[in-house]
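Can you keep this structure in mind? I'll have questions shortly.
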Amino acid sequence: MPGALWLPALLGLALIVLPVAGLFLRVDPARLPALLTSPAALDALELSVRTGLISTALSLVLGGPLALVLARSGLRGMRVVRGLVLLPLVLPPVVGGLALLYLLGRTGLLGQALDVFGVRLPYTTAAVVLAQTFVAMPFLVVGLEGALRTAGARYEQVAATLGAGPWLAFRRVTVPLMLPALGSSLVLAFARALGEFGATITFAGSLQGTTRTLPLAIYTTAQSDVDAAVAMSLLLVVVALLVIVVARPRAVEGQS
Amino acid sequence: MSLRAEIEVRRDDFALSAELAVRPGEVLAVLGPNGAGKSTLLSALSGLLVPDRGRIELGERVWLDTERRVHVPTHRRGVGLLAQNPLLFPYLSALENVAFGPRAAGAGKVAARRTAERWLSEVDAETLAGRRPGQLSGGQAQRVALARALAADPELLLLDEPLAALDIDAAPAMRGLLHRVLQHQEHPTVLVTHDVLDAVVLADRLVVLLDGRIVEQGPTREVLARPREAFTARIAGLNLLPGTAAAGALALGDITLTGHVAEPLDEGEPAAAVFAPAAVAVHRELPGGSPRNAIPVQVTGLEPRGDVVRVRGSVGDCAPAADVTPAAVADLALAPGERVWFVVKAAEVAIHPLSGGSSGA
Amino acid sequence: GSEQQRTLTVLAAASLTESFDELGQRFSADHPGVRVTFDYQGSSTLAEQVNQGRAADVFASADTRNMDRAAANLNGAAQPFATNRLAIAVPKGNPKGIRSLADLTAPDRVVVVCAPQVPCGSASEQVEKAAGVQLAPASEEDDVKSVLQKVAAGEADAGLVYVTDARSAADKVDAIEFPEAQQAVNTYPIAALKSAPEPELAAQFLEYVRGPVGREVLGARGFAAP
Amino acid sequence: MPGALWLPALLGLALIVLPVAGLFLRVDPARLPALLTSPAALDALELSVRTGLISTALSLVLGGPLALVLARSGLRGMRVVRGLVLLPLVLPPVVGGLALLYLLGRTGLLGQALDVFGVRLPYTTAAVVLAQTFVAMPFLVVGLEGALRTAGARYEQVAATLGAGPWLAFRRVTVPLMLPALGSSLVLAFARALGEFGATITFAGSLQGTTRTLPLAIYTTAQSDVDAAVAMSLLLVVVALLVIVVARPRAVEGQS
Amino acid sequence: MSLRAEIEVRRDDFALSAELAVRPGEVLAVLGPNGAGKSTLLSALSGLLVPDRGRIELGERVWLDTERRVHVPTHRRGVGLLAQNPLLFPYLSALENVAFGPRAAGAGKVAARRTAERWLSEVDAETLAGRRPGQLSGGQAQRVALARALAADPELLLLDEPLAALDIDAAPAMRGLLHRVLQHQEHPTVLVTHDVLDAVVLADRLVVLLDGRIVEQGPTREVLARPREAFTARIAGLNLLPGTAAAGALALGDITLTGHVAEPLDEGEPAAAVFAPAAVAVHRELPGGSPRNAIPVQVTGLEPRGDVVRVRGSVGDCAPAADVTPAAVADLALAPGERVWFVVKAAEVAIHPLSGGSSGA
């Protein structure tokens, strides 16, 4: 690696780390314990972690196969589908939330149908999960698809010559080969789900304990007390770092 | 179950067109120069590559029929392919790699492990069982890959240079292993190799592929003993000089070679003189005395070959070789560029008819 | 004549969007060569930006609290220019027949309000207290427009919004006024900023907003005079 | 690929595509031309494309080297740095904007220093670019780093045995090997920059022609006219799809 | 500039410890079984692997000195490595791959292209110039990789099995190319191979690596003519039976072998009898008549070798071989498990001293 690249690398790191660090230097340590253990903060934290995990799992279950289809089906038109998958990324989250609302809301196309069965999504925790999945899944799809294409189908072909059918090859070849990429894609998706704000507030609303996740709580708090909001962001950052740095299984990082 | 295949593959500037049949228990060796299409052939047989046109059958089952749009995917063919690149699964240990096939065939964990252990020890790699492919040397990886292919116990075994990268002890050992395994199985096997020894030891029949086409085919020893193509002759370690038949002899420009004529030959028919390099004596001056075949050549190269030196000469388009002792090389002061006589007794020369107008060596 | 063109920058509470857009156009028409640009956001965000040194000419807040936060950066005292009060917004045609605040407490009503941390939310708390009702909202939004938008989309049976907001969406919602709203009248202050690049224009705009044109435009949108 | 995976894949695709499609079915085609050619929309579009491209380039210049350092330096502590790089993803964008404001604002740590030279970033187009870079760069870093680790250093080692120094190996081996991953990472980053809202409005404000990008314009429009805002989102989606599906050079997709 | 290296690499259950010196222009062949550490040695020399301990110098320049913490990175060593896996850059054409080295050395686009074209045609791959590596056959890729390594014109050339995967025509051609190239250069070369022929044709000196240690070293022909290790003897194609010296003979348990003693030997000293398989006759019964060496063996295997059959026998720990005609195999009804006599004339046996207590074959 050319040594000169350290300069832009450090600049890039500074651009990310300095603002965040500066933010947290503003937090008054004396107020911190009270702020972080307030029921509002704890409720929000619990809700965020719970919904974040569920929507990451959902992203995996739906997005994983989608990535595989994109990378391996070899069908025409996959270029366009690949573009479509990125839509939630481009749309301002609020518009994404609107889109979900218009589809699944009481008057929405699918929402009306669901209403018949007594299922109402808006204002529920399920809506939070859906909103988060909507914005987080593309990360998983894009990350996995790239890795699948880079890895190519060689090993899956070897598995076929050893008599392994598609499922076995998938379980015993594709999945283990993808573990490192899966790890980083899951982390991306989880991080995005954890930070999701606009789509959630639009589609799910904001009610403590039910739909007010940590980012929503932070935003609401910021309306009256910016410093308290910053302190709450600290909570979010700590949780995220915990997941990313500590909890992320080593195995998933791949052999270095 | 016998294999019958008729395959056509077209690529930009390469076309493979081959037709083969391998009987149950039979081993077919495929020889040919680099880029002849050997690996392409195996890809097509395994189903990893879909030929542009063709038909492949194993026993009653039709694996491919481009006309009827039949294409059975690889994993349903029960085919085993050892490719040129070992491609061991990098995240599995050597043992787990070998156990993959048995597991895929439905064996339990313990049974698959036992099978894998047996095959690993067959390829003399039991001590490597726990290693990841990244921790294996080139030859070790090759052996594990061989064990993996054999452990899957396929109905059609395809081996692409299974003995490449092996050391001088491992190669004969693996060849012996393959010999044992292949001899006792009822399935057909196709074996690609660069080493005629593999063909001789392991194969019942032999196919020579040149530029995507099969140019020779038949029982191994027969083809090697009576090579019709210069390439075949070279792999057989024999000299083959193509010319036209004359009464009990071969006309090669203004040279006439006499020898043993195996089959009746019409005068003027294309034919070739075949003889072993060991039968060739090298002389500076044309020797007198009893009638002998003497070919004037220019020395193009000297290659030590174990305890003899192979002297390569050129005459016209041909490059016959002579094996002589190092002492003779010194005595004769042989060196590239020198003009000498290759002398061979008529009793050592076999004259064969040549199918079609194959070109010189 | 871009050389002569002067630009007035106004930071205004989001609830002023339609009124100020119109005011801006009329101000430009009355002051040739002057262009007015607006940045509409939540009042608290704007106050924070002013305190962080944002260069602008005028700041119009939706409440006095946020204006007070920016006091140190104001050029002269803030002056009230409009008031606003809450109304119940219901989907067009009022399908659930809502008449009063008390009607919102019925168990199957989906009600949306502002969070207590934002001006409209604290106003909602005050009117609830005054009416002696306890709402169980499905959501506490961060701004009025979100509340309005949920009602307009039919996702809520009712929401507490400002009269002005309800009127701006008159094609989608009906506004139901209720007496307790008088208990939480919200005052909009406006002020010039110390950092103003165009202090003269800023003063003129302040006058304009508080003058007859301003009153006319604001009044048409449902704002009351202070 | 197991055929059964098509089911979850299609479900995932539906979760993304249906809401967006539903949203756009609501757009009144008669109003569309007027909405899309209004000066507000065109200004916003132009600003969005311009800043989006610049911040994508900036993400590449700073984030590319950062990815390389993360993947190749082999230093201890890279785990933590990798976590830090994901911070902008986790932080609600508004908090990220606040962080930038506190660092680079007039009273900010660096802002004070810049002020001495007469440089003021907040509320300028440069601030938009910074905000977008802040949120978009992590995508590039994560995407590239994953690909770099998957590819391993084998080919760079081969280059070294052919006498290529770090720079040459970087230019002629690392970069071409990374082209497919670079392509998809750049698209992700550009998409994220294009959709960026919260950090921009907080750090750069929302002034037509200067800092009001398309998402901000959509937001402002939504204050008074949700349907018009949805129509504007259509513009955003079309631009994004154009970039992703059409303009994305084929070469960058790698050999399939 | 000569290469001097002293390297120690430790891995879980493998340790390499080697010391070598290669003079300018000299070619050192490294032979050894799979997993002996040959590739590891080249990795260390090239700088891709940092040894745990050691010192590497090329001429005056110190590339590695673990004690003084000197480690010159690979690209500054001017070293060229052809690894066991061709690893052609997948996004470059064959020509661009070969031009990479010259470009890295600072040559202009046109000049590098010309150099690359020349080398491509040297390896007989000029028609492949425009192909991507994915479009090459195994042997074609190997040739391009060879051209790429040579085109870089390194100061130390490291070749790991350069002739693997090549066909029967390409292998001698490439060997000839290497011979020409290596003969005329002033840089040292280290060549890893499994083929003794490569060593004989290409190398001046030879090192035999066994299990991470150098067990034999010296001028190629000398080491091959007088192998001290069974492995060396096997690669040399010679039989080597280790025992103890007796007056003009070798004691091998209760068998005594007489032969030509090259160097004075003390009685009881470890020594070995070396002879060619071709010199061995196989008999069912112990033949009478003039004094001969007769070794009772059990047949363990039969391997056709061109026009002869190699009969492998076992006696004690040793596995001597005999080359006989197929007719003889048939006459004697030879088969694995049979007990026969290997008979060899004393004139054909050389008895060499053995350094250290090397074990049997």
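For clarity, chains are labelled A, B, C, D and E in written order, and residue numbers in each chain start from 1.
The definition used in the following text is that contacts are C-beta pairs under 8 Å (C-beta built on N, C-alpha and C of every residue); 3 or more make two chains touch, one makes a residue touch a chain.
Which chain is which protein? Per UniProt: A, D = Molybdenum transport system permease; B, E = ATP-binding cassette domain-containing protein.
Just so it is clear, the structure is predicted and the values come from calculations on it, not from any experiment.
Participant: Which neighbours does subunit B have in common with subunit C?
Facilitator: The common neighbours are A.
Participant: Quick check on the contact network: minimum steps from subunit A to subunit C?
Facilitator: 1
Participant: Tell me the chain pair with the top count of C-beta pairs in contact.
Facilitator: A-D
Participant: Which whole number of Å gives the spacing of the CA centres of subunit B and subunit D?
Facilitator: So the centroids are 56 Å from each other.
Participant: For subunit C versus subunit E, what separation do you get between their C-alpha means, in angstrom?
Facilitator: From the centre of subunit C to the centre of subunit E is 88 Å.
Participant: By the touch rule stated above, which residues of subunit D touch at least two different other chains?
Facilitator: Where subunit D meets two or more other chains at a single residue, that happens at 98, 102, 108, 165-166, 222, 226.
Participant: List, in ascending order, every residue of subunit E touching at least 2 other chains.
Facilitator: none
Participant: Mind pulling the residue numbers of subunit C that touch at least two other chains?
Facilitator: As it turns out, subunit C has residues touching two or more other chains at 48, 149, 153.
Participant: Chain pairs that touch, all of them, please.
Facilitator: All touching pairs, sorted by chain label, are A-B, A-C, A-D, B-E, C-D, D-E.
Participant: Show which residues of subunit E lie in contact with subunit D when the two form their complex.
Facilitator: On the subunit E side, the touching residues are 46-48, 73-76, 78-81, 83, 87, 89-92, 100-101, 103-105, 132, 134, 148-149, 152, 154, 158.
Participant: What does subunit A use to touch subunit D in their complex?
Facilitator: These residues of subunit A touch subunit D: 1-9, 11-13, 15-20, 22-23, 26, 61-66, 68-69, 72-74, 79-96, 98-100, 102-104, 108-110, 130, 133-134, 137-139, 141-143, 145-147, 149-151, 166-167, 170, 180-181, 184-185, 187-188, 191-192, 194-195, 197-198, 215, 218-219, 222, 226, 229-230, 233, 236-237, 240-241, 244-245, 254, 256.
Participant: What part of subunit C is in contact with subunit A in the complex they form?
Facilitator: Of all residues in subunit C, those touching subunit A are 42, 44, 48, 110, 112, 115, 117-118, 137-142, 146, 149-150, 153-155.
Participant: With touch defined as at the start, can you tell me which subunit E residues reach subunit B in the complex?
Facilitator: 11-12, 32-36, 38-39, 84-85, 135-140, 142-143, 160-161, 164-172, 175-176, 194, 196-197, 200-201, 231, 234-237, 276, 278, 301, 303-307
Participant: Quick one: which bits of subunit C touch subunit D in the complex? Just the residue numbers, please.
Facilitator: 9, 11, 14, 17-18, 37-41, 45, 48-49, 52-55, 145, 149, 152-153, 168
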